[in-house]
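Before anything else, here's the structure in question.
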């Protein structure tokens, strides 16, 4: 499946994508059984964005950003571009001109397993961008890759149309077919956490809120008075 | 000393802890002979906090944050929780609910040799937090560790009750017994630096302010006019 | 050429240095054929600065910042101090007092292949500083190095008097003799990009703006309708 | 698909697996269009092994090797166990006792995205093992994962039954369904390389053997006599 | 406790040290409850050594090996020199001449949280050496540190006289006072493992040898027949 | 100076190159005042080689090894090929076919700031090769660079014709013009070390052999009897 561009992909329902985006990375990751999280080197270029969108994928080669231009044509409003690279590379494959272009096409953000440049301009534009590095290193347009094929990005497989949720905690990928169910589980979790939060704010301990004392004792945890020495 | 919780620890005098916190990391580190500094990967989750507090320690295992809940009960107002891990791990052991709980118990901050999540929420709460990584990766509650035993955190030994000073420069640990003396030395140093600062601001050179010219010459430093070529 | 201080260096014309500084790192790096960029670990201590200046170089040893004091005397208004180290080291070789001193001497910024401390104070002063790490680790004044000799800093050779451009994207080095020509090429590039930007903002694709469709086809890129499965 | 063990998987034909193993990592990686290579941190614990086998997959959690024991039961002679981990972890999840057990079950090797221990004993046994680290750090048996589900290991997706080829160059994964075709392409490549090798050994240049001079000239490469200066 | 040399230290009984050395790192680490293991970057310079000895400690500064010479005088036959550094540094602080000297004084090996050089010569001498890096970078003799004070080396606290065990798996530290008990527990563990090994060699599964099936079922592990799809 | 091939370069005298190669990396590095050493990530692919030769340089781009083929034509017997890359990259730019070709042209070795493949075959051929990584990742021939221009390789500037010395300790670069003088200084150093070695072998301490006791005392080093506590 090399050097192919797939024009059409299935996307999850807009309402579900929006719901997942609102829940944020930590809640969605927990809701789907602690899976789908990209490695923590994938960081926001500026702090404060939280987005959800459908994945359009691009597979690039080191030092080469040609397929990002090809992928731009496949973007529909609400999509998030996920750029994987065939080997580890931090070159500046994405900058302000591409951000301008993708924004004009309706992209909600970019997840980039390469470097980005024009960090100041992109931050000012408030274009949501997660990347493995900031680097001005220029790239060429010499090697073709693929668009809208399954890729591994920052340690997680992403299929075109999967739901991407990204915020200051990183990036999580949700299987398109399960997206509705995960959104529902995430909302339940959020409600439950609201109850715990209220109790913790009053000074109750997690040991009591979550009922952990018995299992800790069974595991053999011992308390001693101290101080030692 | 595995799987034990020590209830009571000695703490340094509140006035001394406060003085050290005010002096900040760089000054305190110098005052105690350039020792006690955690490795530079230990970074603030948000910039601008400066705190001092007494260490309550927790020893966790990779992917497991159970002992943070146990440690929460041992926190007294003014304490800083220091979380060590038995191997290198960046999983998200600490998030907004734990921050809420610790804040309610009076903790002044957390030093976390693991990952944290809910970075946006914790930054908004202005809860002081230093961590080795930001990661939403969920943790389990399966393996018991210890609370208030000596630990090595980011390359430095921390005993319960040691004074922790943390700011944008990182984290430094002060031996509880020596804390008063270190605070005094730090204040002296601060005064001396104020004098140097005034001279440097006027454009005097460090070479003259610190009297370095003679020792440089003795070491063999040569000046040539240049330019070369 | 060990342990020598060169008093006089050639500098590029002030107007050229200013022009390069205004263009910024990404444009200058492209204008000189994608060369001269420091490795991406060299990051600004605070976001938002953009500077250009003439390089005064210092070669230090690990854990030792003595030559920064020696270099301070060689600074002329408009210079940028470039500090290299004879091996990898993150110790805090530069802090607020040195920033105060260099500012008083007219330095426009510092590029530091070591660690810095007093990050909060230096950020507040808005003194432009790029470094490989933030660390409060104190340094000694025991080993002599050199000032105004050619050094390798973050993977790039810097000769005294070369033009340094630094912003949120990193740091690029321009050969002093070619600086005028690079400034001219950079300004041309900037104009050309303005035209592309206008078209991309309207939603035109890079594929068309840059005329890429034919070469992609020649390379063998195939489009299929999909969706797959 | 959490916490599930799949008993039966499809495997590629034994002859094809053997052929791929003989060809080695570099040739197979090229034969399938330069895809499927694990990241270069995945290294042999001892140098000199070259194996091919069918993947049985296990997904473990950091600091926990329980699922390796579960996976052992699913091994058939000729299989290679591929161990992924839900976050980055170097703990010693695999040692001499597990190597003894897997060898007894007919496993041809192990690919371990965690740490291994008993490196001396395993090297002496000549049990083929690739790992991200050597570490004696003990692991627990507390969290369940999965066996024979698709996993991402060292940056590549592995489905149960895919063909694994590993040698001193690293590890490559071949899609089970395409394995026969890849073996055929690899053998063709090997023959072609034998011809090139004979010419290169006689001192002919790659420029001529591969006919590169014209395309280099078209790209604009210039030759000058030198020496410079 | 800066810049002090302690002449006399307590050592564990020779028979206990020898017993621990024979057991090796993985067994000793388990016997003391999975504690005391240095980080996995601490690697043998040549493969195949296994040693046990009493720690003589030295605290050096980056780029400076002076205190290794001072520590040499404190070595007694059977000791292992443990060199810590006040910040991360890979300079070549230890080479063939120091190895020759330490060997002549009866040292059984060196654990070096800095770099070493003369790797070929030291390997040929079969002098046991674990280091964080191999680097020819020369060091100076300019800053004093300490000998026979507690240090943190590769993430573990080492007190003078603690027992050091090192082999191809890394380095583990045993508290001097507990050394006899740990040796006894290690020997028990070794016997128990011999029994497991015999059963595993016959092809019995760890699931049965260690009786894991019931707890896996209780945790909720499900088996399905497959193959999937 | 982009995309240019310089045909002729100056080389140091053969006798001098040979002498430097025999001295080895650590001695040569010291002889030239502790300069010129490449960073320690540059490691031999197999242990035991020691070579000296004249540098032919190639500047490649990430994922592209085209210029190695171009450089092969410029190799004269006794040369060492030094390959730099325009950004950090570990792709397998050099394998057994290129080793065969370079060997046939008389090259004495290769220093590769990229990855290599065919590690087993190259080790068996005993072709001297230092690289930053082993990786089978294939490279393309799409972007032109330069041959025989100054490059920065692993942190050190290399000019064509400089002398390269490489062994198990790493790689050091000697300025061509100073090579004779450095060889002479290295031989002197070697003789002096022979004298020290003889004394150290008899058990004399470096403290006495190098006369360090007085300067340690002047620095303030204190001896105490101990043991502490």
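Going by the order they are written in, the chains are A, B, C, D, E and F; count residues from 1 in each one.
Methods note: a residue touches a chain if its C-beta (ideal position, glycine included) is under 8 Å from a C-beta of that chain, and two chains touch if they have at least 3 such contacts.
Model, not experiment: these values are computed from the prediction.
Asks: Which chains are shared contacts of subunit B and subunit C?
Replies: Both-contact set = A, E.
Asks: Taking contact as defined at the start, I'd like the list of chains shared as neighbours by subunit A and subunit E.
Replies: B, C, D, F
Asks: Determine whether subunit A and subunit C, two copies of the same sequence, contact each other through the same residue numbers or different ones, counting it as same when over half of the numbers at the interface appear on both sides.
Replies: Looking at both copies, the contact residues mostly diverge.
Asks: Centroid of subunit D to centroid of subunit E, CA atoms only: how many Å?
Replies: Using C-alpha averages as centres, the distance is 30 Å.
Asks: Please tell me the distance, in whole Å, between the geometric centres of subunit A and subunit D computed from their C-alpha atoms.
Replies: 28
Asks: Centroid of subunit B to centroid of subunit F, CA atoms only: how many Å?
Replies: 40
Asks: In subunit E, what residues contact two or more other chains?
Replies: Residues 34, 86, 88, 90, 135, 137.
Asks: Can you list every touching chain pair?
Replies: Every pair of chains in contact is listed here: A-B, A-C, A-D, A-F, B-C, B-D, B-E, C-E, C-F, D-E, D-F, E-F.
Asks: Tell me, which parts of subunit A touch subunit C in their complex?
Replies: Touching subunit C: residues 3-10, 66, 69-70, 72-73, 90, 92, 95, 97-98, 100-101, 104-105, 115, 117-120, 123, 133-138, 141, 144, 148-149, 160-161 of subunit A.
Asks: Give the list of subunit E residues in touch with subunit D in this complex.
Replies: Answer in residue numbers: 25-26, 29-30, 34, 37, 40, 43, 47-48, 50, 167-170, 172, 193, 196-197, 200-207, 210, 212, 215-216, 219-228.
Asks: Which residues of subunit D touch subunit B in their complex?
Replies: Residue positions touching the partner: 61-64, 86-91, 135, 137, 140, 142-143.
Asks: Give every residue of subunit F touching subunit C within the complex, in rising order.
Replies: Residue positions touching the partner: 2, 33-35, 39, 86, 88, 150, 152, 155-157.
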